[in-house]
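Alright, structures below, take your time with them.
In what follows, chain A forms one complex with chain B and a second complex with chain C.
Presenting the complex of A and B:
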């Protein structure tokens, strides 16, 4: 299979040590059921601009900086984010209520638009090319990646910045907590997956990638992506069967299933159904104890996949079932958002 | 690669609840902007003019049989336009639920039209409202996906005020690359205390009805509405009504300022130019431009400068925001529908309330209804964050 595109550079700010220096063997635990991003010092962003940035913009721009400041010419910026600057959005809303629609300052309003991250990246790199933001809840990153694949099919020599970001704000945590999406009991990485209770832990992060169609010196490739909207478990299973049939060549197999399992007992059956489709040799690993559950967590799994494909090693704490791979050549990511939005991504070793 | 044809359109705005009503209003130069706002209590109700859709939420719920809990006005407006578009194109429920039918939506306000509910749900640790999953941008698209059991590629885009122009492009790209056979594309936004106060804090809301491209313009009027288009491959349209071909698009970031455009209009210039290049057209072949034309000091000057840079003598142009107000995330799709009406009916609709040309550019928008031969029409949408998009539709 000719990949959709190759990943040449990747960068991630997450609740773990994913930004330089990278060390994902060491595990940082959630506090109050939240895994907050470990933010770097952002030396590349002028302090005056940094101060005005909300967290989503800050970690998004921070993660993208090593790529946009790099030597590669970037022909477009393609970002996935379900909410963008949620904190600023509700801060502005609270001002409206508290000051009864009085004279308000526009700062939070301007920062609140979800396209703010892609816009800020265009602004600071003076990049006037293609610029877009996909906001399709739990499939924002997958749609951004499909967009990148289509752009690259049309413009074979181009390179794009592809990435995703979402933040925990006190406000969206509250909304999702009221919606029963987070656990009530205090949960750590050791107890997340076997709780048998509803809900997960909250997370946040940003992952950014330089993508193009050049095979030479690539870190990894994205071979195929498929998305599906349904609560029907059988449809999900059938869709995965078709996806593998279409995209695995003769004799190829999935060496690693990177599962988006998040400890929510209501969602577990989907992940188990997909696990049963894997051969015994396939290793199964999980990542939500690293980054928590959030709308663009699959972008973090994509960054982890690149890291694992390059290192040819999976951190012990991620393993659910050890297979018998000779090498890690094919990784399947299956991520499920709230039992309704499903994404399959097939990644390959470059 | 297949040519992409438009085979269905649905629209609701301040000037009409159907395609036919919108068409008549445009011909008659009707304005839907009024100094009335009864959708929610606001200190700006009765003070500032708005392009309100004159239909209550209750009436929308009843006529659309949309009694699901958690449905917002934005979703109701979207459903109204979506229903008309799929009926217009003659799509069956089976076609809608097929894996090769894509849906690409856009909304910048979505469930944030429910300011008080959102305030409560975001701040209070007590019983949530029925709208907990209705606030994000994707909620409108997911409501339609769920209601019609859609199984193809589904996406939502936000590039601020150019959002639904990019939904149209993404849908067309899905078809061109074989990821869908047909795509239903568009957007919806409703009036909200959030956006009223947001734009007011930037001092760009006009106290009077807006005057796009006028020297004395005082800002924009917020509006609301929704529009969806059905895009299909040429080979699948045999025997079907076809309105126009989608021939070109451009997307450029102005990379200048979060909420205003650069003096030289680099982003608008590049997006218009890219659309022309992609459609393989010379500037002189564009017969009409549905301008972004918000009526703000900044936009109308910069858009004029960019049009002069690219076209030297710009073609006939006008802004339908003088009829509808600025419908934000819906405006790209609404104005695409209007541009396609220009082509399908071979007529140009007047911009309203223009009196004096901007001194620096001297451009004069169309001020009267005209019957004219048109082959290619351009529609511009520029958003916060510098997100500029241009679309070109052509007769087939």
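Presenting the complex of A and C:
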């Protein structure tokens, strides 16, 4: 089956050492149940622009810089984000209250709009072509990737910058914590997956990809993507069966299931149901202890998949079950956001 | 408040409002242009500075021509604040 597109370059700013130099064997633990992004020095962003950027814009632009400053011509910028610059948004809303809808500074507002990241990338790279932001909660990245695939189906010779970003905002963290989406007890990578309690740990990050339909020199490929909205576990399981039947060739199997398991006991049954569909030879690995739970964590899993496909090895701390693949050729990412939004991504070795 | 004390306070407020990373109050000279050369501020910063004057000193600048005369450097801003502040 011909892939939807090939990934030629990828870049990631996350709570781990994922950005120059990359070292995901080393594990950075959460502090106060939050995994904050390890930010680089952003040498490529002019200081006058950098000082106005909120974190989401900063990490999004920072992760994209190695790609947009590269030699490839980019025919469009396609970004997924659920919240954009949430921290700046809250600052702006607080200003409205504090100053009784009087004089408001423009900086926070400009930085807070979800499309600010793609817009800033367009301005920095002087790219006036297709520029769009997909805002679909836990499926923002998947929908951005589907858009990239649709664009490439119509424009076979184009290349696109595809990516996703979201940040932890203190205000939203507190709301989500009150909603039982983050754990009460102090949790680290060693206790996240077997806590048996509600909630996960918070995370943030940005992952960017240069995608097109040229196979030569590609790092990986995305073969298929499927999304669905449902709390029905049986429907999710059946959808995965159909997805694999439609997209795996005769005799092919999943070498690695990269599971979005996040330590929330309410969500675990979905992941367990999907694991049961994998043969014994399939390796199962997890990634939320690396980046935490957030709306576009699946973009980080896509970056990790590219890294694993290229390196042909999986860091020990990610392994849940070791299978017996001869090589890592097919990776299935299953990510579930709050038991309602499900995304399947099938990646292949280029 | 003494003029020198007001200058220091204003410099700290400008750094905070404009998020001037790595700039210290002593780096901003009293007669250094705020826009173009010197601090290198731009048009969005001018709006932030007008909001700063309104919030911190109760000064409402509505005429852009007047704003251009005030937002030249620290000396001109402080002189204007001393004459027109309402808080």
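Note that in this section the second predicted complex is superposed on the first by the 350 of 350 C-alpha atoms of A that agree within 3 Å, B and C clash if a C-alpha of one lies under 4 Å from a C-alpha of the other, contacts with A are read in each partner's own complex, and residues count from 1 in each chain.
Criterion: a contact is a pair of C-beta atoms (placed from the backbone, for glycine too) under 8 Å apart; a residue touches a chain by one contact, two chains touch by 3 or more.
Keep in mind that this is a model prediction, so the values were computed, not measured.
Enquirer: Report for A:122: first if it touches chain B alone, second if chain C alone, otherwise both or neither.
Expert: first
Enquirer: For A:17 in the superposed arrangement: first (chain B), second (chain C), both or neither?
Expert: In the superposition, A:17 contacts neither chain B nor chain C.
Enquirer: In the superposed arrangement, does A:237 touch chain B (first), chain C (second), both or neither?
Expert: neither
Enquirer: May I ask you to decide whether A:136 touches chain B, chain C, both, or neither, giving the answer as first, second, both or neither?
Expert: First partner only.
Enquirer: Applying the document's definition of touch, where does A:97 land relative to chain B and chain C: first, second, both, or neither?
Expert: First partner only.
Enquirer: Looking at chain A, does chain C or chain B touch more of its residues?
Expert: B
Enquirer: Figure out whether A:48 sits in contact with chain B (first) or chain C (second), or with both, or with neither.
Expert: The second partner, chain C, only.
Enquirer: Classify the contacts of A:105 with the two partner chains as first (chain B alone), second (chain C alone), both, or neither.
Expert: A:105 sits against chain B and chain C alike.
Enquirer: Residue overlap on chain A between the chain B contact set and the chain C contact set?
Expert: In the superposed arrangement, which is not itself an observed complex, chain A uses residues 103-106, 110 for both chain B and chain C.
Enquirer: Can you tell me which positions in chain B touch chain A when the two form their complex?
Expert: On the chain B side, the touching residues are 42-44, 108, 112, 115-116, 118-119, 121-125, 127-128, 132-133, 135-139, 141-142, 145-146, 150-151, 153-160, 166, 170, 173-174, 176-177, 179, 193-194, 197-198, 200-202, 251-259, 266-267, 270, 383-387.
Enquirer: How about chain C: which of its residues touch chain A in the complex?
Expert: Residues in contact with chain A: 17-22, 40, 42, 44, 47-48, 50-51, 54-55.
Enquirer: Once bound in the complex, which stretches of chain A touch chain C?
Expert: 47-48, 50-52, 99, 102-107, 110
Enquirer: Which of the residues in chain A come into contact with chain B in the complex?
Expert: Going through chain A, the ones touching chain B are 77, 82-84, 89-90, 92-97, 100-101, 103-106, 109-116, 118-120, 122-123, 125-137, 139-140, 143, 146-147, 149-150, 153-154, 171-172, 174-179, 227-230, 235, 340.
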